[in-house]
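Per-chain numbering from 1; labels A, B, C and D assigned in written order.
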Amino acid sequence: MKKINIGIIGAGRIGKLHAGNLSMRIPEANPLIISDIFLEAAEKCAAEYNIPQAVRDYKEILSNPEIEAVLICSSTDTHAQIIIEAAEAGKDIFCEKPISHDLKLIDEALEAVKKNGVKLQVGFNRRFDPDYRRVRKYIKDGEIGDPHILKITSRDPEPPPIEYVKVSGGMFMDMTIHDFDMARFLIDSEVDEVYAAAGVMIDPEIGRAGDVDTALITLKFKNGVIGIIDNSRKSVFGYDQRVEVLGSAGMADTSNERPNTARLSTAESISEDLPLNFFIERYTESYINEIKEFILSIINDTSPSVTGIDGRMPVLMGKAAKLSYAENRPVKLSEVDEGVTASFR
Amino acid sequence: MKKINIGIIGAGRIGKLHAGNLSMRIPEANPLIISDIFLEAAEKCAAEYNIPQAVRDYKEILSNPEIEAVLICSSTDTHAQIIIEAAEAGKDIFCEKPISHDLKLIDEALEAVKKNGVKLQVGFNRRFDPDYRRVRKYIKDGEIGDPHILKITSRDPEPPPIEYVKVSGGMFMDMTIHDFDMARFLIDSEVDEVYAAAGVMIDPEIGRAGDVDTALITLKFKNGVIGIIDNSRKSVFGYDQRVEVLGSAGMADTSNERPNTARLSTAESISEDLPLNFFIERYTESYINEIKEFILSIINDTSPSVTGIDGRMPVLMGKAAKLSYAENRPVKLSEVDEGVTASFR
Amino acid sequence: MKKINIGIIGAGRIGKLHAGNLSMRIPEANPLIISDIFLEAAEKCAAEYNIPQAVRDYKEILSNPEIEAVLICSSTDTHAQIIIEAAEAGKDIFCEKPISHDLKLIDEALEAVKKNGVKLQVGFNRRFDPDYRRVRKYIKDGEIGDPHILKITSRDPEPPPIEYVKVSGGMFMDMTIHDFDMARFLIDSEVDEVYAAAGVMIDPEIGRAGDVDTALITLKFKNGVIGIIDNSRKSVFGYDQRVEVLGSAGMADTSNERPNTARLSTAESISEDLPLNFFIERYTESYINEIKEFILSIINDTSPSVTGIDGRMPVLMGKAAKLSYAENRPVKLSEVDEGVTASFR
Amino acid sequence: MKKINIGIIGAGRIGKLHAGNLSMRIPEANPLIISDIFLEAAEKCAAEYNIPQAVRDYKEILSNPEIEAVLICSSTDTHAQIIIEAAEAGKDIFCEKPISHDLKLIDEALEAVKKNGVKLQVGFNRRFDPDYRRVRKYIKDGEIGDPHILKITSRDPEPPPIEYVKVSGGMFMDMTIHDFDMARFLIDSEVDEVYAAAGVMIDPEIGRAGDVDTALITLKFKNGVIGIIDNSRKSVFGYDQRVEVLGSAGMADTSNERPNTARLSTAESISEDLPLNFFIERYTESYINEIKEFILSIINDTSPSVTGIDGRMPVLMGKAAKLSYAENRPVKLSEVDEGVTASFR
């Protein structure tokens, strides 16, 4: 079996998750080095998953000729720069979302990828979830006819720590970005305009940090479809992740995944357990699937299905949503685009 | 048992429905006369439900001293005028929605009701549906804490005939008006601003008639709640009527009512019958409940729970939605209000 | 509209229910007299539903030439005798289940019906419930292929008063009898053998009265299908009424009917309201449907779909179940049949 | 991390499944050798999962001092003998179900385990499934009060090849055995008596082989609970695995697990995908959990939760069911027990 030698950059929560999947679940992957600016974090992860080498500096990964591909799981502000360096080092690249909050940096990163002819997959893992895949297949197969209305429900069980909120780029950029990607994935058309209604309902601290915690974002797609994303930073009954697409010939929708199907009927009510708690539990399978596809795209020399432009568009949508909320008006994506998107398609 | 003598004005679809409920389901009601400008329609309905008298002119009902209350089920453009006349005749009034598309006429009608001290209930029957009542009760009882996000799904199985569309006042005024009322009913706060994204996706004829057939309407309530209504004139799987309210302590939602609970599992799929087809089937019970409440409010001399102002606000919201769609911008209700709402509260 | 003049014999719970349906929901019915050995009960019911006459003695109904049909809602031990007298008086007959606990009396009653050429419908109302009808239609339409396994869940919310238990004929005869009928209705074949495992788990008083309160009854049908009925006198979460039929090409099943579709999701669980509480609420529609069919079968001179033999067979099955439980062995129906069933088909 | 050195005996479907789990999902396991009488099968499996050694003769595993524990995944007729040899070799043992169809051999095997003080876990993996665990927890926590009625639905998507049917020991021993174990697991009491109604409805070949393909098995537990298992060799809509327990204070039940939550609503019906197809897909997690528990019970020197007696009782129940079906009468387990069960508890 052909195996791909891999370096993992970043041993935080998501880096560890990918390290575990690579070593335990993807036989085609051969994780050789993991780096972290906190060397102990890299060492601990290496020990847990039998990764031979742990280093502090990711440049040691990029300069290692054995390494064929890298996973960029470091902090967001380093993504674009490491993509450029990894591309120049000829490594295939899997990069966590978002590439950057700065469209100019994104475009430079995509340019480097293009110039050096390496692969780039962006970590929109939800595209690999069986529920959403089935909905997309229903749409692709024409089961619902032409899509008319898209509805995405996406609510976290708890707001992140306020310190994180302050550096997150804001809810639209940090949380909605996944939903922006899902919208494009399901409808298969670009969004032309967004309108964001939002507020601070959960924690005034979030408001003081200049962010919102609850939002309804209207999307107008170029193909005429209209869509709505509803976000909340706190859904007390757990991670609430659903989609619904109404079309001319039918509707496709999903419900939340539960830890079990057991149901209890008592003299008070009929009840079931809460949904799977958060993204680590809910998207276990999609994380495995996305890395597996990345590895296989290298082995088979195919294009990953989540490209650089798929990394760029949701950032643009996030910027438009922020502006829309700030000025309480619909905002066209073209208004906030500083670059030349078309060339990257 | 105290019985209320009733006159029914209008023997069209909704007039017949109420006539049937009054004669077969509400022992406290004594329907004595039914009128219709097509006398045969009134006569046919009278015969079917044992109503003693059928007349052409509603004024015969208003001038009949035996009649204690009237149901106004005539065409929309006559509602306000008949309310005024019925109020002056001292009759208690149940009026189908909307009172009028003209706010000035509405205000004149409400003024007449006020001056003559008669009761007025507006026909927002969905408030009496067991599903929505239960959701409202969950909210009132504090089960979901403070409401944050409201979602209303309201989709018809088929667009009405194009001739109807042309005189309907537009989808926002004809169809969304029920959802505007539901929004106020569930959240118990006034809406401050609306933003309507909409399009013509189902039938270009509807577009040529100057109307839309698919819409997403964002609502901002005065208490901070944000809401979304999604409307479609054509949901091929049937009448799609659901609500969902997310709050700080939980979520309450409903699903569609089905004609039976039977489920068929075959080698292809697991399937169930479509939802109840349209409003007559879906809201059977709510139509009975609303008329029953109206009759009981007369017998017990209590205020009906759906007042004149409840008839006025959704019209205002419809006007704001139309303007929002026309100019593609959020519109405050105060912008379209020509009258003095406050005095009618 | 042709109307049938009806006499109601018995003004207890079920008599009142039918009286209400006849007067409020079935325009083709003209209830003229109601009788009860407690005259006041008959008078009260007559007043509530505008029935012109109330009498003590049912013979006044039978001797009234205006009366075309009777509903027998008196106590079980009088059913067979009244059927015979009503048949001889030439009245069409609707009789509550069971006709009798005594097969010989049943056969005499059926003989009288046959001889006098009157109609007889037995009150197995569940056959008229939309859920079970849909399952039967799935089976009839061949959607599940050949039926293999039948499962009926039938559980009451509360045991009846112990005084009632003592005269009920036992759970198999009083409660399971509905399920025995449902089994024949769905599978459309006669049962050949039953085996009853049962116990006293809910109330020792029931055991002291010589009865059981919990049971599993295995059915073997003549066409090879096997079936199981599970009964409990106490399902704390409410009336539990479900069926499931597995066939060679699929499965059809039903779930419980609920008072609303509202669902509450909190930090503890996702819950919904309990099922409709008991037979009056659960089978509202089926009671209307069965009486409507009876009236229409008279008007149109067609055979009622629930015949005398449909009244006889479940009693036979009840007797077999009692014997099976007493002797802990499978019992063939032929073993307990004292009469000649075939002649009544 | 402490790791247990393991030998796998048998490289058929279930042996490969365990080999995969041991090498990919259980970090605490160190699979060193795999044996199969078809050496190539063992070699292929070893290559796929990086198991260092593949041998033909399981005795090479038993005689290897490095090996601490063995998984017996060979054909059923070899289980008891290999248990005895492995116990004498001092290895901890995980054995696939059933230990044997011969109670005497089972008792000899359990005796050897006892004498040599090794651990024995029997492969009733469903006990480790999240759905059933949750139901058991509801029961243990008293949420449903005292259990009254148990219902187990267990239906395969397809009958096995007829050649397999002939050597399977019959449906009760091959398929129902899992349900017998589930019954004991959920109710936590021994079964006293069984009654089996069964037939050949799916394939006459199965009948000619002396077996049945459809069954209803009534269970009477020593604690008074009554239960029913329904089995079918062919459920065309897929693997149908559900349980339901009614108790004095409520009911706990499960529904089938589905590959996704997507739902399609069209003009014909509302449908969803079929359940997970068969045991490999349905019980993925339970297979991992059971092996993980076995490994941890060695590391922590605790007793496995599925013991030798848990392996013995379902065989006894299967024998009783066969006799019950053959003679069409309830059969007490004591009637078919040739050994002294009590000593193994």
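Keep this in mind: contacts are C-beta pairs under 8 Å (C-beta built on N, C-alpha and C of every residue); 3 or more make two chains touch, one makes a residue touch a chain.
Since the structure is predicted, the reported quantities are computational estimates derived from the model, not experimental observations.
*Asks:* Pick from A-B, C-D or A-D: which pair repeats the contacts of B-C, with over half of them the same residue pairs?
*Replies:* Going through A-B, C-D or A-D one by one, only A-D repeats the B-C interface.
*Asks:* So, comparing C-alpha centroids, which chain is the farthest one from subunit A?
*Replies:* So the farthest one, by centre of C-alpha atoms, is C.
*Asks:* For subunit A and subunit D, what's the span in angstrom between their mean Cα positions?
*Replies:* A distance of 40 Å separates the two centres.
*Asks:* Suppose each chain is reduced to the average of its Cα coordinates; what separation in Å results between subunit C and subunit D?
*Replies:* That pair's centroid distance is 43 Å.
*Asks:* Roughly how far is subunit A from subunit C, going centre to centre by Cα mean, in whole Å?
*Replies:* Taking the average C-alpha coordinate of subunit A and of subunit C, the gap between them is 59 Å.
*Asks:* Indicate the residues of subunit B shared as contacts by at least two other chains.
*Replies:* 236-237, 249-251, 264-267, 273
*Asks:* If each protein chain is taken as a node and each touching pair as an edge, is the resulting graph a line, ring, star, complete or other?
*Replies:* complete
*Asks:* Note which residues of subunit B are touching subunit C in the complex, please.
*Replies:* 24-25, 27, 130-131, 133-135, 138, 143-144, 249-257, 259-267, 273
*Asks:* Which residues, counting only subunit B, touch subunit A once they are in their complex?
*Replies:* Of all residues in subunit B, those touching subunit A are 145-146, 148-149, 151, 155, 195, 197-199, 201-202, 214-216, 218, 220, 224, 226-228, 230, 232, 234-237, 240, 246, 248-251, 328-330.
*Asks:* So in the complex, the part of subunit B that touches subunit D is made up of which residues?
*Replies:* 236-237, 264-274
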